[in-house]
């Protein structure tokens, strides 16, 4: 983690620029989907941002492949990175990790394990929902028979889908929208399971700890430091 | 817990009054939403109750901030309290904790850990559902195209949403209603995960304990106290 | 468990008759709901069965209260039994426990812990679904605007509800039906969580055991009995 | 596992042929359902494939029964195999296990426990969804009032059902389709619980391991091999 190999130094150097690039990518994509102005310089600009950011991701991928000194095995060992390269909309999900690693490097206090998993998976779910709503809205916009009349409807659909409530009042009707929805469900379910599972673990731990607090002083037994949960 | 710092004494002193205030807040809000009588003294009275209770919460927050001797860091360390101050409808959720601490202080027998988490999260879910139904009903009442024709429909919607069943026969259609619904889903899912996770743990524990009961006497091995689960 | 107090002997004596009575109760209720023949001797007979079975449950409750030698505290300590007395449709859920205890008494081999919890919770879910479908169907039958045109629809509704899928093509529209549905959801969710949680634990255990099997012989280390999972 | 009993040798010998047969069975069934050409030689051929594959499964079942040297007890001890014999569409689910055992025999590196359960249950879910979509589509095709106008709709239905989202825009309306849907839900829920539960466990483990990585060097304590998670 704190080593000085070229690979580690590269990763530390590009971490923040690439995070900003992934946010720019998301913003440009959102601008193109939500407020398209065909034939104007705005759309050309957003498109240029998309292409530039994607190039940055590709360069990063290539450099890390080079440093690894491995052949095609790199692709298999970094399946997630390869997937993110193909679907750069998923890239912002890495920001959570960057934030975490920044915090650690500066020695800031960190949340307990369960809380961190809850935050990590929760934030990822929010990002996934926003990205999915954007992508599905792009597919559904103006499709015949759709109930998705605005981006608000798309966000409402994403919320009701990721929570597995699934009212069915707003539903993707195009094939493209349904494929994106299926991918989003698969990812969202796994993340949601992580959120609820960890939250449950956290609650159990908190209750167990409070019990100890309450019973410790009565027993009168001296407690050394570090027995807290 | 049993210490005598001014902060702890303050907390013990206001615990019950504030719990009653939070119930009064919920009742006044329910009265305003469910049986509004505009222009009468009743509505003014309920409004006064709302404002007074909220002031009580604000004073409690200010006093605890003062006692803590901390600057803006207090807000960050008590994010949940700050949120509850902004959205006092969530305040009654604290009652469960108060009930628990009352029981402990009087030395009453308590439920085992899993059962307590189930009760705590279950009760919180019920309170959250009732509050959410009230808030959504206020938004949806009379909105064009809504299927929510009465408070009964709103409660039915809350039940089908918090259980993640989501029939879709009654659905919020206004933006305000959907935002509240999204917040309710997020909280409800986490609580539900805690309920089912703890219930599952409880069941496993109960089965394991029964097995021990059944097999212990046959093995004939003497069992000391404290080997129970 | 194997003790000879009057209470234990009573429980062993009435266990099987009461289980049969609970099945008869369910059957009579199903006959009344699914094939009502008002004004005939059949309906009177089924009604008589209902009343007789319920009386049997009441007698059992009274006897056990008596044996316990406790006052009103008995009601609080046996909340579940009291609930079952009020809602005898839930009584068949106890059959699973009776079957289990029969098997143990005869020394039959039992399933491992996780598998037993899966079976127990799974069977309870099936019973709950069938009972709920019956009760909701009774409320909804012939209600204006209902989509529940037959018992098949009611079962389909119960399946889609207990799995939390909730299509919404068949939905209770009466207040009575919705109250029963809410109770069913609460119970079903907890049971479902127990089923999936235990199944997940079972799978993890099975995988871990297989791994040990596969790696043990290679390591060449002698394994004593009882190291299996 | 590595023993040389006739039973084990038989299992190793038929493992791959039977897996291929199960894929052929699925393919033939898909061809019959998705592109039926009644009265042509194609349909006869696919039917022949179905029958032949099923015979292969039956022979395998009979041989293993024989080897076991057991009477009717074999049926009870191999309930899952018996079920698969009756519903050969479920047979491809075994492929995951075969792939796993192949990998182990060749000494290839394997994924950690949680990851393997996630893969196993995830792949099973995909196979179950595809098979269920096929079987439901066969029932619903051309049924009056159905919204399932093509196989794409059936797949979309399967996705929204297995994720327990359940929009309700596409729903089985025939009795046959609903029975299959109920079986699919039961299996899918258990598998889904295993996927999300294991994923959650995996994430917690990964976070805990990263923490150790980050804190180890600071503490300066030498770490021996094998302390990794």
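Read from first to last, the chains carry the letters A, B, C and D; within each, the first residue is number 1.
One rule holds for everything that comes next: contacts are C-beta pairs under 8 Å (C-beta built on N, C-alpha and C of every residue); 3 or more make two chains touch, one makes a residue touch a chain.
According to UniProt, the chain labels map to these proteins: A, B, C, D = Potassium channel family protein.
For clarity, every value in this text was computed on a predicted model and none was experimentally measured.
Identification of common neighbours of chain B and chain D yields A, C. Rotation angle for the C-alpha superposition of chain C on chain D: 90 degrees, rounded in steps of 5. In a homomeric contact, the two copies may use the same or different surfaces; for chain A and chain D, under half of the interface residue numbers are shared, pointing to different surfaces. Across A-C and B-C, it is B-C that has more C-beta pairs touching. The greatest centre-to-centre distance from chain D, using averaged C-alpha positions, is reached by B. Separating the CA-averaged centres of chain B and chain C is a span of 29 Å. Chain A and chain C have centres, each the mean of its CA atoms, that are 41 Å apart. Within chain A, the positions touching two or more other chains are listed as 164-168, 192, 197, 201.
Residues 164-168 of chain A are the ones touching chain C in the complex. Residues 152, 156, 159-160, 163-169, 192, 195-197, 199-201, 203-204, 207-208, 211, 213-214, 217 of chain C touch chain D in their complex.
Of all residues in chain D, those touching chain C in their complex are 1-2, 104, 113-114, 116-117, 120-121, 161, 164-168, 171, 175, 178, 181-182, 185-186, 189-190, 192-194, 197-198, 201.
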